[in-house]
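In what follows, subunit A forms one complex with subunit B and a second complex with subunit C.
Let's look at the complex of A and B:
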C-alpha cells in the first residue's frame, strides 16, 4: 500500500546499523542545503542513488518514479522565483506585455538551477534514509535522540494503526467502486466523505479493543519491545566520516571562493 | 531483440514511466531542501512553544484517562490515512486532503499540533510529501496556523449560532486557504523577488499555486462537512468520548 514502506523491508542495506544511516543522511542533507552548490548536489545525488539502487537493490525504475513525486511543487515554485513582472526589463530575457515586462535575470536563472539541484539531491538523501531503514528502526533512533517518551510511543502506535486503517479504507473503497460509488464527481465526493466517517468510527472501536488487549497483557503506560542490535562497523563509520569531510571541504572551498 | 534494441526499449519504458506518473498535488508541503538553513531553523523554533503546549496537554489527558493514548494514536493514524488517499477532483490530477481542519474541529488545536508534526514526519519519510529540513515550516503552516484558524472560525460560528454545515465548511475551507497563504509567505520570505521584494514574491507564489489550491480547499470543505455530518448522525457516543459535542447543544 505504501510503496516506500514495502521497499525498505527488501533493501539489502536494511541490516546496517540505523544510527549510521541516520547520521549519514542527515549530515549529507545539511551539507546540501548549506552549500547550495551544483558540485555537492551532483556528488550527493550520484552517491545516494548508487547506494540505494546498487547496494540497496531497490528497483531503479521505482526509484526514478519516486523521485518525480515532488516535481510539480518544484517546477511551480521555481517558476515563481525566476519569472518576474516589472516595468524594467532584466538581463536574461524580457517579454513585453503592455507596459510591463515578463522578465528575469541571469543571476536568478542560475539560482533557480541551483535550487532545483539542491532540492533533488536533498530528496535523494531523504529516500536513502526511508528506502533503506524500516520505520521501527527510525523511531528507535529518534528515541535515542531523547525525543519525549510520549511522542515516541504515540509514533509507534500511529505507525502500526496506519496499516490497519489503510486496509479498512481500501476495503470500503473497493466496495464503493463495485456499487458505482464513483460514477460522477458528486457521488464520489459523497462516497469519499462517508468512507472517512466510517473509517473514523472503526478507528474508535478499534482503539477501544486495542486498549483492552494491551491492558490484558499488562500494559502500564509503556510499550517495551526487545531490540535487535545491528553492530556498528568501523569501516562504514570511516567511509561516512571521509565522505562528510570531503563535502565539508567542498563547502568551505565554494564559500571562500 | 538485439542488445541495443533492448536497451532502447528499456529506456523508452523508463521515459514513459517518468511522465505517466502524475505528480501529487498535495496541500503545499514545502519539499525537502527547498528552504535555506536559517529559515528551516527559524520556523522550527517558532513551532517549539506550540509543540510544548501540545505535549503538556497530551500528558494531562493521558494521566487523566490512560485509554486516551490509543484514541489519540488512532486519530493521528486517521489523519495520515485520510491525507494519503487520492480524493476525487475536478481536473483528474491526483490530489490529497490535509485533514487538519477536520482534526482541529474534532480534537482541538493543541492535540492537532502534536498529531500534525507526527503525521508530517511520516508523510515526509513514507510518502516524500514535505521533508526533514522543512519539517518546521510545514508544521507551522499545516499543523499550527491552519488548525488554529479553523478552530477559531468554528468557535466563532458556534457563538453566532450559524448553520452547522456552513460553519464546518467555512472552518475547513478557510483553514486550508490560510495554510496555503502561510506557505506562500514562507516561500516569499525565503525568496524575495528581484523586482518588488517580499510582497511581489508572495503574490507570485499565491498566483502560481492558486489553480491547484483553490479547488482543493473547496473540496476539502465539502468532504469535511460530509464526514462531520455522518459522524454526528451515527457516532454520537464516540464523539463525546473525544470531547467533541461536550457541551449539549
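Let's look at the complex of A and C:
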C-alpha cells in the first residue's frame, strides 16, 4: 500500500489528466474481460507495462515484484482447472500415481492459460491506474462520475488514516519487540492481539481529535477543498481512442472467427 | 467601551469546564484577559488545562460555567456564531497528524478558507500566497503523510493562516521537532506577531517563553496560578517548581553572577543570553 502510494507520487505520468488515465484503464480492462483473447491480453499487458515502466519511470524490478503477488495467487487458483486426478488419462498429459493419473486435457490447459493471461492483463490495467494516479486525482474522477460525496469523503479520511494507523501500529510493534513481546509464538500472538486492541482505541481517540481539528476550521459536515486538474491533451486522447479502436477491432475479429 | 476595554481581545470570566458531568474540573474558575496583538505564553505541567482552555477559546468546548468574551462580546454558541468565532480564533494543534486530513498539502490548506465562504478563485489566491509566505510551495502536491514533522507543522500553521485569524493559538508548536525546525516555526510565529496577530502559545520551554512573550500565564490544576510579565513569572521559583517548570538558564546564571559580585546588584534581570552577555561585557569594560 505504502509502496504503491510512493510510486504514484514519483510517476512521470502523474501529471497526465486523471480522467484520461481512468478511461484508458477501464476501457482496456473491459476489452480484456469481454474478449478473453490471448492476443488482446498480450497486447494490453505489454502496452500497460511499457507505459508504467518506460513512460512512468516506475522501476521495472519493483513492477515485476508487484505483479508476482497476483500471479502467484492466479497460479494457485488455476491449478484446480489444469490439474485433475482421474482413473482415465486425458489428452494433454497424464502422470500415473498408483491406480490414478494426475492428468489434464488440452482444453482445460488452454482455458487455464487464457484465464491467467486475461487476469494478468486486467491486473496490469489496474496497476497502470494505481501506479500513475494519486488518490487525490482518483477521488476527483469518482466525484465527476457522480459518486456520492459522502463515499468520496470517507475514502479520503480512510486513506489518510491508513497511514496514521500504520505508523502507530509500527511504533507499538517496535515497543513490544523491545520488551521481548515476540519471544515465542504464544507471546507474539498475545502482543499482536493487544496491538490490535490498542490500535482500535487510538483510532477512536484520533478520530475525535481530527473531528475537533476540523470543527476548529469551520467544518460544517461537508469537506470542501480546492481541486487542481491537469489539462486534457488532444494527442493523448487521440492515442487512447486509436488504441481502444484497435482492441475493439481485434475483439470483433476474434469473436467472428 | 473604553480604550483599555477595546484593547482586550479575549476575556475569560470564572470559567469552569469538565469533560464528564460531575467529574473533576479541567478548568477551575479561570479568569484572565488577553490584550490585542500580544504574545502570551501558557505554561504549566502536563494536564494542567492549557489545551482545554484553548479549545474553549475556539468554541470547541463550551464552558460549564462562566463566560468567554471575544472582542467584548460573549461567545455566541449558535452555529453561525461558532463559525464566526472559529474564523477569528485559529488553533494549530500539538500533533499535526490530528489536524491534517487531506490527500495533498494544497487541498489541506484550502479547507478552512473554503469553509469560511471564500470563493474558489479567492481561496486559490490565498492558498498560493500562504504557501509562498511559509515557503511550502515546493511540497504543495505531496500527500500530507509524506511530509517531515517540521513540514507538517508548517502546513498546520498555513491551514490557520489562510483564514486570516485575529488570534492564533499554537499548542506546543515545538513538540517533537528538531532544533532546526523549531527555529523555523519560531521565526514564522515572530513574523505573525509582527503583523499584529495575537499569539497564544503553550510551551514548556521557559527560556523561549522568557525571551519571546509579552506575558506568561502559569496554569496549575486547571487554575491560573500566575499571570504577569515574563520576568516576574520566571523569577518566581516557587511557582515554577509547583508547575514542574525550571528557572530559565539565563536567570539562574544571572543570579549566580550577581551573588558572586561579578554583576551589579541593581541590574534588571535579562530576558536573553544576549542581554546577559552585554551585562558581562559592560562589567569587563
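By our rule, the second predicted complex is superposed on the first by the 246 of 257 C-alpha atoms of A that agree within 3 Å, B and C clash if a C-alpha of one lies under 4 Å from a C-alpha of the other, contacts with A are read in each partner's own complex, and residues count from 1 in each chain.
In this section, contacts are C-beta pairs under 8 Å (C-beta built on N, C-alpha and C of every residue); 3 or more make two chains touch, one makes a residue touch a chain.
No experiment lies behind these values; they were computed from the predicted model shown.
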| item | value |
| --- | --- |
| First (subunit B), second (subunit C), both or neither touched by A:100 | neither |
| Partner chain in contact with A:206 - subunit B first, subunit C second, else both or neither | both |
| Partner chain in contact with A:134 - subunit B first, subunit C second, else both or neither | second |
| Residues of subunit A touched, compared between subunit B and subunit C (which is higher) | B |
| Touched partner set for A:243, first subunit B, second subunit C, both or neither | neither |
| Partner chain(s) touched by A:157 [first = subunit B, second = subunit C, both, neither] | both |
| Subunit B versus subunit C as contact partner of A:9, first or second or both or neither | second |
| Which of subunit B and subunit C A:214 touches, first, second, both or neither | both |
| Partner chain(s) touched by A:230 [first = subunit B, second = subunit C, both, neither] | neither |
| Interface residues of subunit A shared between complexes with subunit B and subunit C | 5, 135, 157, 159, 164, 206, 210, 214 |
| Of subunit B, residues touching subunit A in the complex | 13-14, 17-18, 21, 23-25, 28-37, 40, 55, 58-59, 62, 66-67, 69-78, 80-82, 84-85, 87-88, 90, 102, 114, 118-119, 121-122, 124-129, 131-133, 187, 191, 193-196, 200-201, 204-205, 207-209, 212, 219, 222-223, 225-228, 230-231, 234-235, 238, 241-242 |
| Contacting residues of subunit A [partner subunit C, same complex] | 5-6, 9, 134-136, 139, 156-157, 159-160, 163-164, 167, 206, 209-210, 212-220, 223-228 |
| Of all residues in subunit C, those that touch subunit A in their complex | 55, 58, 60, 79, 83, 86-87, 90-91, 93, 95, 97-104, 106-108, 110-112, 114-116, 120, 123-124, 127, 141-146, 159-160, 163 |
| Contact set on subunit A toward subunit B in their complex | 2, 4-5, 26, 29-30, 32-34, 36, 60-61, 64-66, 68-74, 76-77, 79-81, 83-86, 88, 90, 103-105, 107-108, 115, 118-123, 125-127, 129-130, 135, 138, 148, 150-151, 153-155, 157-159, 161-162, 164-166, 169, 173, 182, 185, 188-190, 192-194, 196-201, 203-208, 210-211, 214, 221 |
